[in-house]
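Per-chain residue numbering starts at 1, and chain names A, B, C and D are given in the order in which the chains are listed.
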Amino acid sequence: MLQNLLEFEKPIAELDALIEELKRTAADPDRLAEAKASNIDFEKEIAGIEARREQVMRDVFANLTPWNRVQMARHPQRPYTLDYIRLITENFVELHGDRINADDPAIVGGTARFMGRPVMVIGHQKGRDLKERQMRNFGSARPAGFRKALRLMQMADRFKKPILCFVDTPAAEANLMAEEEGISRAIAWNLEQMFHLRVPVVAAVIGEGGSGGALGIAVGDRVLMLEHAIYSVIPPESCAAILSEFGRDRSRAPEAAAALKITAQHACQFGAADEVLPEPPGGAHRNPAAAASLLQTALHKHLSELETLSPDQLREARYQRYRRLGQWLDPQAMVENASRKAGKTKPETI
Amino acid sequence: MLQNLLEFEKPIAELDALIEELKRTAADPDRLAEAKASNIDFEKEIAGIEARREQVMRDVFANLTPWNRVQMARHPQRPYTLDYIRLITENFVELHGDRINADDPAIVGGTARFMGRPVMVIGHQKGRDLKERQMRNFGSARPAGFRKALRLMQMADRFKKPILCFVDTPAAEANLMAEEEGISRAIAWNLEQMFHLRVPVVAAVIGEGGSGGALGIAVGDRVLMLEHAIYSVIPPESCAAILSEFGRDRSRAPEAAAALKITAQHACQFGAADEVLPEPPGGAHRNPAAAASLLQTALHKHLSELETLSPDQLREARYQRYRRLGQWLDPQAMVENASRKAGKTKPETI
Amino acid sequence: MGRGKWFQRGDHNDARKREKMAENLWLKCPRCNEIQFAKDVERNLRTCTRCEYHFRLRALDRVEITVDEGSFEEFDANLYSCNPLDFPGYADKVKRAQEETGLTDAVLCGFARIENFPVVLSVADFEFLGGSMGSVVGEKLVRAMERSLQKRLPLVLFTANGGGARMFEGLLSLMQMAKTSAALARMQENGVPFLVVLTDPTMAGVYASYASLGDVILAEPGALIGFAGRRVGNQDMGMKLPEDFQTSEFQFRCGQVDRIVPRREMRNTLALLLSFFEEEAAANAAKSA
Amino acid sequence: MGRGKWFQRGDHNDARKREKMAENLWLKCPRCNEIQFAKDVERNLRTCTRCEYHFRLRALDRVEITVDEGSFEEFDANLYSCNPLDFPGYADKVKRAQEETGLTDAVLCGFARIENFPVVLSVADFEFLGGSMGSVVGEKLVRAMERSLQKRLPLVLFTANGGGARMFEGLLSLMQMAKTSAALARMQENGVPFLVVLTDPTMAGVYASYASLGDVILAEPGALIGFAGRRVGNQDMGMKLPEDFQTSEFQFRCGQVDRIVPRREMRNTLALLLSFFEEEAAANAAKSA
């Protein structure tokens, strides 16, 4: 049974419990005989409830609010980076340390084989239980984490191996120590250095894409998003707490979540992500193996495409991918475009 | 008057005092008249003592023991890096910080103009008074110092400007904090990265060339040594304290200094340095301007030579310069060489 | 200085209040409390005549005190925000900011000369939505970087981006961090210099991208510089913070800033640095121009 | 473990005592004090049968437990130290070390295979003057690196260099730090992997050069690893030091070590890593060889 259910998951869980109960009953010969005597067809009963369950699940997940998406992305049972690494790679050797002064457990990384090829895998890592959560700082990386990530990426680059990044963080750590250790520079440096990489980089947002802390390991040639992952410039709670539009009230985070357009679909619309990967019914946490499998397929597809490009082509494409992000109005360009008429119409905004 | 005299400088100082006294007397009309009456020729007297002073100075400095050299290299009045920068460069802008977590005042660096060209200057910096000495940690660099130095070198490299390094450190810092911040890796990383630089690097040991702490900013295409500078794998005191040959007694450092062959002349013999720069009579501290001037001339000469080389030529030469350091016996190669007879005789050791 | 309150001020359109103050004859220094003639402060490059407290500078004033007279030629002035998220209230905010500041968005970019060194100059204005970075700021900066690269001219950038990424443009703002870093990576690779001057305030997404990527990073004294404001993010800021937390001086101590340069020395310091970065080509270009 | 006493031990030719102990049937674990059959310890890869304390390994034993049987082909065995400084007592020390260890100097280098991955292997022997690096060690390492580069084979290096630079060769020893770093810079530039295993002890000039430059750095548990021994250097070590100061675990905590790998897992870990670094060319070479 799943623990830590979200409110909107409860109707499904109740049906799950019912189905399980019925199956247990049907497995008991005495009860089965009893039922037969009463002309009750267990199989039919169960099938009926299962159908209802499917329907409820479809309804629930068709109507998730942006805030529900936030909840899904943060679901305590959601598969984390190390789960995916375990499920879709072989020969993983975790490597540690930034070679400066620390190892940050909020980011993990190491060498592995993925679908037959050596890869460097890197990702934020949240903790499953309270102790691990604290140890991993809830997936909020410190400067040492970003430095470790970059060290591993540059190692992959040196040895011409592609890089897979799993993104899942509420935000970068922002306390006094993070500030003293140069958290801003650590993130900025990663952003810049990732544009120098001469190997394919595919990033997958598997849960929370939290602002600069996410982006710091997510400058990819491709950025994929799991269906229930989110990607946001600021946590909705903080946005609500700051803006008078939301009464400067953290509890109005759901409204902020809607305004911020943080879903995977929006990330694709804005060009920040390239593909949304549909999750198994009810979300990745209901079937981690299936989620891993679809992630594996998508990562392999994108990697395979990128592997046909030369390092220079890769870097040029990566530059252009980010170069065009943003939306603005350029009246002058519009006028010029209009007057050119027959000329190539290149829209200024994407 | 010079302060903090070394023992062997005292005879010179006494004569200096005498000369000054006589000059002061000669400047007093009453005393001068008195002297004339007594038939004393001040000028002749002074000239005589000055000649004696020259002779004493020559004798003293011709007979410096290795330990005296150590004392000279550590002389508290010796010009330091910032003195030389002030005396031989223009437009110096000191730059700070390692972009990780600290700025280490034991290493200074920045942009400057040297003989008309932009250069990056970097060096260990000792303190002149007690307060500055402590602030600068006696010129013992911490990891942040080596990281700052490398950051500035890589900046110079990016902009194709040559690098001048001034070496003057007892040793790298070795306390708990240095260890926690990765002092070994910081030095090692500098050693390796300096071989990647595509611009000329000239290092001058101006005082103490203390082991890895010195080498960490001294991988140069040319390494110059001031006459009374030293370069050693270990402080003589530590060597004496460790080895039974010296009774494990720090106070026998002078013997260790002799055994370690730490003088500028030896550094040249071993191929670790390329040129010894003779200092003004009595040492750089007796005439910093003259010392700076000769350093300037030598740096300019070597830089000018190196500036004719392409980046690839520079790096190849730098590699070969270090590649051949070391002395060993290779009986097999000797036999082969002998049997080849007429062949090119390439000695295995330099 | 109101450390940690910068965001609130920006959000509340402190600009309006400021303008009212500017009409005023007198100004009170928030550090030493000295009440002084506003004109005297202006003449003193908007620093306190008594304690040298650095008041914020409007973008055009910054340009004026930084470049050789008449040398600034603005480019890309006509890009406008378009509220891509339909974020509640954003369009109004932009309109009001445009009216109050006379600017189209939070950053000015152009060619200029500093002590006769030709540069590309970029200056942000805190009064325009806290100088925050949305699509327009990102695009203008990247165009400035691309011009720097193309002409091999140093880029001199004054930050003053209080809010970091402009949250009203959501993920598009976040992406400007990567976009500007991409352009800087190209400059870095091609050895075109990037000089940053951190001014009050420089935070969050701006400090965590281009503002931290200068070949040289200068800072004005006493500026607020840091990653997360106290109300942004969910970190526990309950711990004892040092006096100078998130100031220029703090960042200098932590190795993030090359020099703290008082405003009156900034132009000279930039010129000294530019003399280091000067290339033969640029030098010749300067002579023949 | 006698942390901080390693140098003294090396200096006193502890090797002699060790050999005497080796003749002995019994061995006492310095950590858990368990007295056990020396043969059992040997069979356990020289780790304590009770607490897994890692005893030091002689170079040839290390080769034996690391590489595929019979695959080690030593090269450059015949380089000899020549006392370039005429350092008092050095010639005798070398001679005695040679007699007692049967080695010519402190490091063995050669070709080998690990789980069928071809590599260049370098293993130091602490019993030879503390495994310290003089001209011979430096030259042998650089030749090994150059062979790695030429054949594009990963270099796997076990440290065990107690004394760091060998002070009896003075500045020439110091220069080996730069010389080995030079060769590693070439490997790095050409993408040839360098895997380091830090073993007890790894200090000073060795740790501050090639031992810190591995693409991957593994460490055996409980090894002494650090910059300066307590009696070396003039630092104030009077301050309170953590329990694990200058151990593998300390260095791991400080971000300097990728993994701490028990001896019995070392071969397998190396093989997993080698499978990452494998190049098509090398892989084909391995198949056709």
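Please note the rule applied: contacts are C-beta pairs under 8 Å (C-beta built on N, C-alpha and C of every residue); 3 or more make two chains touch, one makes a residue touch a chain.
On a predicted model such as this, the values are computed, not experimentally measured, just so you know.
Asker: By CA centroid distance, what chain is farthest from chain B?
Answerer: Centroid comparison gives A as the farthest chain from chain B.
Asker: Counting C-beta pairs in contact, which comes out ahead: B-D or A-D?
Answerer: Result of the comparison of A-D and B-D: B-D.
Asker: Return the distance between the CA-based centres of chain A and chain D, expressed in whole Å.
Answerer: Chain centres of chain A and chain D, defined by C-alpha means, are spaced 42 Å apart.
Asker: Can you work out the whole-Å distance between the CA centroids of chain C and chain D?
Answerer: 52
Asker: What whole-Å value do you get for the distance between chain A and chain C if each is reduced to the mean of its CA atoms?
Answerer: That pair's centroid distance is 33 Å.
Asker: Which residues belonging to chain C are in contact with no fewer than two other chains?
Answerer: Residue numbers touching two or more other chains: 188, 212, 254-256.
Asker: Touching two or more other chains, which residues of chain A qualify?
Answerer: Within chain A, residues 99-101, 180-182, 185, 189 contact more than one other chain.
Asker: So that we know how the chains sit together, what is the shape of their touch graph: line, ring, star, complete or other?
Answerer: Shape = other; not a path, cycle, star or full graph.
Asker: Can you give me every chain pair that touches, using the contact definition above?
Answerer: A-B, A-C, A-D, B-C, B-D
Asker: Within their complex, state which residues of chain D touch chain A.
Answerer: Chain D reaches chain A through residues 188, 191, 193, 212, 215-216, 252-259, 269, 272-273, 275-278.
Asker: Applying the document's contact rule, which stretches of chain A touch chain D when the two form their complex?
Answerer: The touching residues are 91, 93-103, 111-113, 118, 144, 148, 155, 158-161.
Asker: Going by the contact rule at the top, pick out the chain D residues touching chain B in the complex.
Answerer: For chain D paired with chain B, touching residues are 7, 11-12, 78-82, 84-85, 87-89, 134-136, 138-139, 142, 165, 167, 169-179, 181-186, 188-189, 204-205, 207-213, 226-228, 231-237, 239, 241-242, 245-246, 250, 254-256.
Asker: Per the contact definition, I'd like the list of chain A residues that touch chain B in the complex.
Answerer: For this pair, the touching residues of chain A are 99-101, 143, 180-182, 185, 189.
Asker: Give every residue of chain A touching chain C within the complex, in rising order.
Answerer: 170-176, 178-185, 187-189, 191-193, 195-196, 211-212, 215-216, 219, 231-235, 237-239, 241-245, 259-262, 266-267, 270-272, 318-319, 322-323, 325-332, 349
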